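Naming follows writing order (A, B, C and D), and every chain is counted from residue 1.
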Amino acid sequence: MENYSIIDHRVYYNETDQMGRVYHSNYVVWMEKGRTEFIRDKGLSYKKLEELGVFLPVSHIEINFTKPIEYDSELKIKTILKKVTRIKVEFEYEIYDKELKTLYGTGKTTNIFMGSNGVLKRASKDLVEMIKK
Amino acid sequence: MENYSIIDHRVYYNETDQMGRVYHSNYVVWMEKGRTEFIRDKGLSYKKLEELGVFLPVSHIEINFTKPIEYDSELKIKTILKKVTRIKVEFEYEIYDKELKTLYGTGKTTNIFMGSNGVLKRASKDLVEMIKK
Amino acid sequence: MENYSIIDHRVYYNETDQMGRVYHSNYVVWMEKGRTEFIRDKGLSYKKLEELGVFLPVSHIEINFTKPIEYDSELKIKTILKKVTRIKVEFEYEIYDKELKTLYGTGKTTNIFMGSNGVLKRASKDLVEMIKK
Amino acid sequence: MENYSIIDHRVYYNETDQMGRVYHSNYVVWMEKGRTEFIRDKGLSYKKLEELGVFLPVSHIEINFTKPIEYDSELKIKTILKKVTRIKVEFEYEIYDKELKTLYGTGKTTNIFMGSNGVLKRASKDLVEMIKK
């Protein structure tokens, strides 16, 4: 069973640049929205995790910009869990039009488990299971 | 004696939009940079203030967009202290080209003194004097 | 009959700052989203207007930040048409929690009608009527 | 001879998030600033290139976030040319403190040459030579 979630995103003026397309740093933000909602779909939330002292900073990101995205586009962002251990979580992302037909770009992130003191901290087995299931 | 400071700013791609001009929310950020450097010119710093438990959130902002600003423009942002009390600080801003000849826009902010608990807190007289001088 | 529309917005990490609240320039973007959807509710769209050579840059903005907004908040942004003439459109904005009970802030914008050449250009009476109705 | 340029960047409030560090999408923007100034150091400018119908959209980006970056940090961003052909330009980036001692992160981008019509277009040999030299 594939383990993913899909969110909607519409492009407003603030995300465009003078080439008339979406400025590329916005993809980074969409990927964050995607994994936040993936986590929420598991009955968890980043916010609650942080209240429990579990932080998940990004340690690596990669994005391929395949086709330009225009102002006012309605997008689907698919976030796919690739791997989760007590050390880190790896997601992949696919950015589509609203019919999921045109692929505009793909991405990857690695997030590492950290405590509130900023030091790496193993996640509990329960948390890993909740994310995986 | 007028009480102001001037900073430089160059417009990169990320600040443009598909009208081929600077997207208007960026002026808000420039005004923050302007008042941060005004404070630093007084021998203070926002960062040190925060370490002392003094926060200065914005309670009001106003901006007039007079002329569009293009990609790669070199700007001067003038931050003028209008008023400082133990309750709040009021700044005005003027956004110019690098020769200070063309005025692209003007702005105003009110920032209020707050403690680290998020509750309003009077600034010390010393702090008010340091900002004023 | 009041003339308004309401959109939903959830706060993600990218909009927070180290005070643990929403950074204030984001309200500017929400207000843009609000008026874009107000226009869409009238059967128009910014995108189509631009294709017809009608641009609506912001000439003035004002925001009052009443209460801080936290990460992961679910907001309602109410956009209220105050005035539309062949020269300009004035909107007011109210930013609420999802139950529309807590008011976090208010704003105002003035947008002016412009042609694709960047010169002010009167809107057609039809367009004014469509926005008003 | 290594082929690089270095720019300065100071972190303001807008770039922080509620973890009290720089939000990761900002690195993407710094990398754009870095390569823009690299190009300018060669006596060229993105702006002039665009006026000549040469666009350079990003097709791939990668970032490693090694150490968190705090508010008010003074950074040096080093942009290193790795490869330039008539098809694309590859840069690498190193993000340091102002003494160039602490490495906060590294990145890579690929930009492809495109015409004003949005279609891939080979760069002239002269342009390639100017970037390389």
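One rule holds for everything that comes next: a contact is a pair of C-beta atoms (placed from the backbone, for glycine too) under 8 Å apart; a residue touches a chain by one contact, two chains touch by 3 or more.
A quick note: this is a predicted structure, and the numbers were derived from the prediction, not measured.
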A-B or A-D, whichever has more C-beta pairs in contact: A-D
Label of the chain whose CA centroid is most distant from the centroid of subunit C: D
Chain centre separation in whole Å, for subunit D relative to subunit B (CA means): 27
Centroid spacing, where centroids are CA-atom means, of subunit A and subunit B in whole angstrom: 33
Averaged-CA centre spacing for the pair subunit D and subunit A, given as whole angstrom: 23
Where subunit B touches two or more other chains, by residue: 13-14, 19, 21, 25, 29, 32, 71
Complex interface listing, subunit B residues touching subunit D: 12-14, 29, 32-33, 36, 45-47, 71-72
Subunit A residues touching subunit B - in the complex, by the definition given at the top: 13-14, 16-21, 23, 25, 71
Residue ranges of subunit C touching subunit B (in the complex, touch as defined): 19, 21, 24-26, 28-29, 32, 55, 57-65, 68, 118
